[in-house]
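Should a chain be cited, it is by its letter among A, B and C, assigned in written order, with residues numbered from 1 in that chain.
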Amino acid sequence: MLRNRLLDGVKRMKPILSGWQNLRSLSNGGNSKLTTIEVDDRSGIATLSMNLPPVNTLTMDLMHDLIDSINQIESNKSRGLILTSSNDKVFSAGLDLNELLNPEVERLRLFWTRFQDLWLALHLCGLPTAAAINGHSPAAGCVLATACEYRVMLPNLFIGIHATRFSFVISKWMMNSYQSVLPRRIVERALNQGKLFATQEALEVGLVDEVASSKEEAIAKCAEFIATFDKANPVARSLTKRMCREPDVRELLKDRLGDLKECVDYVMTPLFQEGLCAHLEGLKKRK
Amino acid sequence: MLRNRLLDGVKRMKPILSGWQNLRSLSNGGNSKLTTIEVDDRSGIATLSMNLPPVNTLTMDLMHDLIDSINQIESNKSRGLILTSSNDKVFSAGLDLNELLNPEVERLRLFWTRFQDLWLALHLCGLPTAAAINGHSPAAGCVLATACEYRVMLPNLFIGIHATRFSFVISKWMMNSYQSVLPRRIVERALNQGKLFATQEALEVGLVDEVASSKEEAIAKCAEFIATFDKANPVARSLTKRMCREPDVRELLKDRLGDLKECVDYVMTPLFQEGLCAHLEGLKKRK
Amino acid sequence: MLRNRLLDGVKRMKPILSGWQNLRSLSNGGNSKLTTIEVDDRSGIATLSMNLPPVNTLTMDLMHDLIDSINQIESNKSRGLILTSSNDKVFSAGLDLNELLNPEVERLRLFWTRFQDLWLALHLCGLPTAAAINGHSPAAGCVLATACEYRVMLPNLFIGIHATRFSFVISKWMMNSYQSVLPRRIVERALNQGKLFATQEALEVGLVDEVASSKEEAIAKCAEFIATFDKANPVARSLTKRMCREPDVRELLKDRLGDLKECVDYVMTPLFQEGLCAHLEGLKKRK
C-alpha cells in the first residue's frame, strides 16, 4: 500500500504543485527566467542555477522558476539534478524577508504556499539530486541544500538555519529536512542557537558531504555522486527514495493548510514583527 | 497549528504541573527546601542544586522542590538553568526505590505522577538548560541529565539508565529522553544491558558533551553553553525547543494515566518485587 | 499500557507466527532440517546455523526451519542466540528470487508472509541475539543480520540491501530494520544506491560491530556480547528490547495484509518482472 500510496501521491501532488501556475501572472509577468538549466550531453545530468542578483533571495518569482525548472528536469528524464548558484558569493540568502514584514495576509499565504511547493518539489524529486554550494547558504538556502541527497561546499562559507536570530520559528517540515541529514541532538541545538556552520564544521557534523576548492570541482563531485546510482533501476530508486522521505512529508501533505495557518498566525504577531524589524535594521547598518 | 498547539500546551500543562501543589502537605510539611537556587548577578544564570544527603535520592519531597525551583527559575526569566548537586560524590542516585518496594498503590501513583511532572518540567523548560554532573548519575539521575540541553561531567564517574539490573522496565518517555541524545543503536543496547558509562565512554558516545576537572569548571562550561543562545530571540528559541521536543512528550501528554497504569501494574508484579528485593539486599551488602 | 500491550503482543503474535505451521506440508514434506542448533553447555548459548547449499537462499523451507528453530531456542530459555552459516563463503544470499519471477499469486502470498514471520520472529526474539557473519550477506541476508542485536563479520565480504539493483522496492519494515542500526542519511543513500558494503566499510558506518579473523573468533565475540547482559534481569531485558523495537514493527503488525498486498502488486508489475529477468540473466552469465 505504501508503494501504491506513493504512486498515488505522485499523481495527487501534481494538482497541488501546479496550483501555483495559475498564480504566475500575479507575480511574474515577464519572460526572463531567474533560473538557468544546462544539461551535460555526455552525462545527461542537468545543472540548475539560481540567477537572481544580488544574493538569490527566494522571492515569489525565483521560487516559481525553481519549481518550474525542477519539474522540467524531472519530466525530461535527466540522469540527475545539480542545484547551484550563478553567484559565486551566495548560494541563496534564503526567503525574501520583506514578504514577512507587515505582510498582507493573502500575499503571505501565497508566498508560504509557494515555499511549501518548492520544498516538496525538491525533497520528493524522483531524480538523484545534489547541491554544489558555491556561496553562503543561510536559512531557506540551507533548507534547499538539505532537500538534496548530497552536498558539496566551497571553503570559508557558512550554512545553517539561523531563524531564531530573526525571531522566526520554523515549520516542522523544515526541521525534518535538517534532521534527515543531521543527528537529532545536533539539530535541536543548532536550531535553538540559530547556528551558522562554517564549511569545515559543516563537513565534520555531516551537514555537507565533501569540500571542493572550486565551483567546477563541486559540480564534478556532485556528478560523481549521481553516478553512484548507475546500477540501480531508476524507477525502483525513485520509489525507494520516496519511501525513505515519506515520514518527512507526511504531516505537511496531510495538513498543508494547518502549516500555512500556523505560519501566518505567527508572522502576524507583534513579537515576530518587532524581532524581524530589528534584524533588518541590523542588516542595513552592516552594509 | 503546532506553534499554536505548543502555546496552548504551555497553558494546558500548568494545571497538570500544579496538581502536585495540592499534595504538598501530604509529603512536605516543613519549610526547609531540599534544593537551593543561586543566581549569578552578572550572567543572570540560575544554578539549581540538589541538596538531599546522602545521595540526592529522588524522594517525593526532593522532586517536589525541584519542580518548584524549575518553575520559579522559569518565571523569573533567568537567562538559563544549570542543574547540579551540592554533594560532590553523587549528582543523583535516582528514584527512591523504597517507594517501589511493596508500595501502597495510591502512594505509588502519586510518586510516579510526580516523576512524570519533574521530567516534563525540565524537558520542556523554556530556558536554556545544562547539567553540571559533579557526581555519579545512575537511573533517574541520568534521565534528569538527558532532559537538559547540555551535559558537562567530572572524570571517573558513571552515568546511565541501569534499570534492567534491578528488574525495572522504564517508560517510553524515559527512552525518548535517552534517544534525544544518543543514536538509536546505542540506546537499545545500553538500556538492555543496564549499562553505566564511565565519564570517558559517555563523552565518546555523546551522552556528555564535555569533561571538566572541577565543579566550578563544569558550571563555567555550562554557562558558556548557555551564552551560545545570546543571538537567538528567547521566545523563538523557546518555541523552537518545544517543537524539537514535542515528539518526545507527545505520547505521555496524550495518555498520562496510561503510562501511570502501566508502571503501577508492572511494579506490583512478583517478578519486579523479587528483582528489586534482591537488588536492595545486594546494595546493603556492599555497604 | 505499553508493557501490557507488549505482553499482549507476544500472545497475539503466537497464532500469527504459528499460522505457517499449517502450511508446512505444502512446502516441506521431508524430515531433514535445513538448520542446525548447537547449544554450548558451558555458556547456555545456542548457535543456529543455516545449512542449505549452495548459498543459503531463503527458500520457503529454509525460512520455515529458521522460524521453527528460533521459536525452539526461545522456548528452551537459552541464554542467547547466535545466527551463522555452515557455508564459509555465504551467510545467506537472500530471498529465493525464483519465487518472485512470474509467480503464482497464492504462492507469492505465502512466501512473503513467511518472510514477514521470519523477520518478526528474529527482530522480536526475547533472547539476546547476535550474527556471526562468516560469508557474504546481501539483501535479505543483511535484513536477518540487522534484526540481530550485534554483528561480527569476517574480512573481505560484503553486506547490504541492494534491492534497487534488481528493481525491487523493499518494504518499510526492512528499511526500519536497517535504520535501527544505521543513521538515517546513510540508510537512504545506501538503499537508493543498492549499496553493498565491504567488511571494513560496514565496520566504519556501524553496520557491523566487530571484525573477526575466523568463524570461531566471530562466534566467540558474539558470545562475549551476549555475556554483557549477565547483570540484567532477563524478563526486564526482554520487555525493554521490545519497547525499543516496537516502533519498527508497529506498522507491519497493524496492517500485515496491507504490506502483503503492496508487495504482491509491485512484484506483478512488468517493470519489476523485466528488471528481475535482466538481473537473473546477468547472474547466470557471471557463473
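Quick note on the criterion: contacts are C-beta pairs under 8 Å (C-beta built on N, C-alpha and C of every residue); 3 or more make two chains touch, one makes a residue touch a chain.
All values reported here derive from a predicted model rather than from experimental measurement.
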item: When subunit B is superposed on subunit C by its C-alpha atoms, the rotation angle in degrees, nearest 5; value: 120
item: Chain copies touching (subunit A, subunit B) - same or different residues, decided at half shared; value: different
item: Distance from subunit B to subunit A - Cα centre to Cα centre, in angstrom; value: 37
item: Per-residue overlap in subunit B, given as positions that touch at least 2 other chains; value: 183
item: Residues of subunit C that touch subunit A when the two form their complex; value: 163-172, 175, 183-185, 187-189, 191-195, 255, 258-259, 261-262, 265-266, 271-272, 275
item: Footprint of subunit A on subunit B - complex, ascending; value: 1-4, 128, 149-150, 179-183, 206, 228-229, 231-233, 235-237, 239-241, 243-245
